[in-house]
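In what comes next, subunit A is part of two complexes: it sits with subunit B in the first one and with subunit C in the second one.
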Partner chain A sequence: MAKVFIYPATSLILSDLVARFGHKPLGAALGIRERIQTAGVDSPPLQITPEEPKRGLKYAAVEVPSGVRGRMAIYGPLIEEAEAAIIVTEADFAFGCMGCARTDELILFTLRQSGIPILELEYPRDEDEGIRFVAAVKKFLAGLEDGGEA
Partner chain B sequence: MAEYTPDYVGTVTKYVFVESPTMTPGELALRAYEASEGVLIKETCFGLQVTGEPESVDRLLEEIRSFDPTHIFVKDRGFPPGDPRRCRANLGGARPGYLGHEREFRLLRYITRGLEELGRREGDEAEPAPPETKPKLDIKRLQELIDSEES
Partner chain C sequence: MKKVRIAQLTCGAEYSGVQKEIYDAAESVGAEVFFPDIALGDVERAVKKFGLDVKSADLKLMIARAMALVEGKVEADGVFIGTCFRCAEAAIVRNELRRYIPENSKLSVVSYSFTERTTAGTLLTRMEALTTIARRRALLAREEQTGITMGVDSGSSTTKAVVMKDNEIVGTGWHPTTEVLKSAESAVSDALEMAGLTREDIQAIGTTGYGRFLIGKHLGAELIQEELTVNSKGAVYLAGHQRGASTVIDIGGMDNKAISVIDGIPGTFTMGGICAGASGRFLEMTAKRLGIDITELGPLAMKGMGKNVPMNSYCIVFGTQSLVNALAAGSSPEDVAAAACHSVAEQVFEQQLQEVDIKEPVIMVGGTSLIEGLVYAMGQLLQTEVVVPPHSQYIGAVGAALLASGFIKGE
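Presenting the complex of A and B:
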């Protein structure tokens, strides 16, 4: 069972398919859950404390806005843990404020630099594309069982 | 600063989405309650939220998926159900994150079609080709374009 980072990190479709085909999806929920379930100082809404931008320094330079570094404190450890990644490019719902947009760019850059096997796809727009989408994900994930190369 | 004491420590929460012509979220909830064995289940308009010990949740999800494997979808959730920071009962309007689910929910029928088709082709050598990728701009062609603009 490989740990597969999914982008968009909140994707229902990717999370389901990765788990369905026997691997562990690494998405935003895991990082959020860890913070929500850790006792400390109350810091709503996501328990992102002033410590997170400091941890984010591992993934982004000090002149990068703290919003990006804070977000990278959630995603960075997941990317480090990942053994493969599935990216949906042009995911129109993965938009957000400038902090989210820049973090997304940094996530994609970091993933592509990491050297792990990556599958890049677009969301299906009809049934035929749906078949090809699921087939591509299944083939990629099956290849991971053969030693990490896909 | 107030001290923060988390609830539901050590548990996992997962969303269950059902997009099926033969099963409603209400029916799914009734059948899930029968198999719950201590797992907390919350019925929603799109399916369920299940919360409990990781092993119990995995066992229940395996059971739930078997009801309608190609029409039931599962994903992780960071917050427990009813958390005042996320629950729309406290905030009003759509829960943060709902709009993303709504967007992907419309695509689930294509994924269902893919899962059904692959199930039919199981063992068949002729797997459908992966999606075509757009040809990328060749670096030499880019240099030519730059040179032609500069000259």
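Presenting the complex of A and C:
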């Protein structure tokens, strides 16, 4: 079983796919709702304190906005722990969404720099693309150590 | 009392760890912060309609929520806009929304760029001003002082007291702020003595400034009010411009206020300053280094040419360095004084005046408005004639005394 970082980190579908194929998803485990009554689309489920942006200094310098560093305090350790990653770009809000584009850039860069196997896919826009999307995810996960069928 | 509802439009507040501070600041002024409820499906539609194509989802959410407020789909009493300090994408959205909301609705807006170090105390005055505007519109509409009232402004550098009687200033007192209560007592005594009145003659008291809560409690004040609304009121009252639009600039000892005022009520306002280099404190230091009294700095600056001395007081330490270097290189005290005034005006212009819509007349108030070199420099930067009303250094105390008359029994 490999530890697979998922992007968007809030995607329950991606998290479920990784788990179904026998691996451990690393993400925010937060559902995207039909209505948004919280501060952000990826409002953290845990109590973030002013300490998090300081911990985030490990991943981004002090001139980087505090919101980016606060997010990196959460996602940075997960990326360090990850043995593989699946990145879905241009995703629909309902699929999973990250609130800050600058953090997204840093997360994707850090993942690409880490040297772990990465599958990068565009979000599918129709049924055929959806089928190819799932097949690609399945193939990637099966190729990881100890990966298996759902 | 019904809570004032402040709509929060922010990006990064939770991950910066300051959400609790925002809640605490609102709670302490009897307000509640809420997130306008909108459908996920409406976000992209709203962003497209607004026309600002940003990438961050939370900034898109801010835009959609602002449109929901403007279109009346969600009701609020005021709006708090906040984004991470140093984020360029967020700064663009923050600026545009700060402009868009007041232009298209009657909602008052306060905006702020936060770091993880932002505390409830920093946000308190801004939240209090938002709450006051929503809750006390009738009081802020007052244009005439009645009876005998006193206003006390406990500022970071000086404490001012004013006694007013039948719409006239009859006594004033001014003392440097050392021990807050003692300074207030001294200023009050001087003002009463000048007015020929005693404490018992005062029918209502208003307090404002940093020490407002402490001295308000000590003096048994009927009105304890933050300086944004009080100074706006005092400025337009003294300038004889209570109706219509105006801009109030108050360069204080610790922070600066720039307020866009309509009919005596603040619309948008900013408060702060990156460093004391953009405040009256830098001018105090300049005067000290030149070996003159602060009251002599303004006339001295009027005789100099600021352009002759390179000075940037973005940071007070670097500003002081420029000051020392210029004097060591043989610059004249006149030129240095003029450069210091220009530098402070420039910092306020660049950091704060970009955030409010400048509408004439521009009224400068507070102790620094007596430094004519600073007023001249601000006028040059804004390309307008800056109005300094009489008693401008007592602006907060006058505003407090004026508003306090609304609390006289029978009023």
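Note that the second predicted complex is superposed on the first by the 121 of 150 C-alpha atoms of A that agree within 3 Å, B and C clash if a C-alpha of one lies under 4 Å from a C-alpha of the other, contacts with A are read in each partner's own complex, and residues count from 1 in each chain.
Throughout what follows, contacts are C-beta pairs under 8 Å (C-beta built on N, C-alpha and C of every residue); 3 or more make two chains touch, one makes a residue touch a chain.
Bear in mind the structure is a predicted one, so any value in this text is a computation, not a measurement.
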item: Partner chain in contact with A:Arg33 - subunit B first, subunit C second, else both or neither; value: both
item: First (subunit B), second (subunit C), both or neither touched by A:Ile87; value: neither
item: Which of subunit B and subunit C A:Pro44 touches, first, second, both or neither; value: both
item: Partner chain(s) touched by A:Cys97 [first = subunit B, second = subunit C, both, neither]; value: second
item: Which superposed partner A:Pro25 touches (first subunit B, second subunit C, both, neither); value: first
item: Of subunit C and subunit B, partner touching more subunit A residues; value: B
item: First, second, both or neither for A:Ala9, with subunit B first and subunit C second; value: neither
item: Contact residues of subunit A, present in both the subunit B and the subunit C interface; value: 32-33, 35-44, 93-94
item: Residue ranges of subunit A in contact with subunit B within the complex; value: 8, 10-13, 15-17, 19-20, 25, 27-33, 35-47, 92-94, 120-127, 129-136, 138-139
item: Subunit C residues within the subunit A interface of the complex; value: 8, 10-20, 35, 37-41, 43-44, 54-59, 61, 84-87, 89-90, 114-117
item: List of subunit B residues in touch with subunit A within their complex; value: 1-6, 8-13, 15, 17, 65, 73-80, 83, 85-86, 97, 99-101, 103-105, 107-115, 117-118, 127-131, 133
item: Of all residues in subunit A, those that touch subunit C in their complex; value: 32-44, 48-54, 63-71, 74, 93-94, 97-102
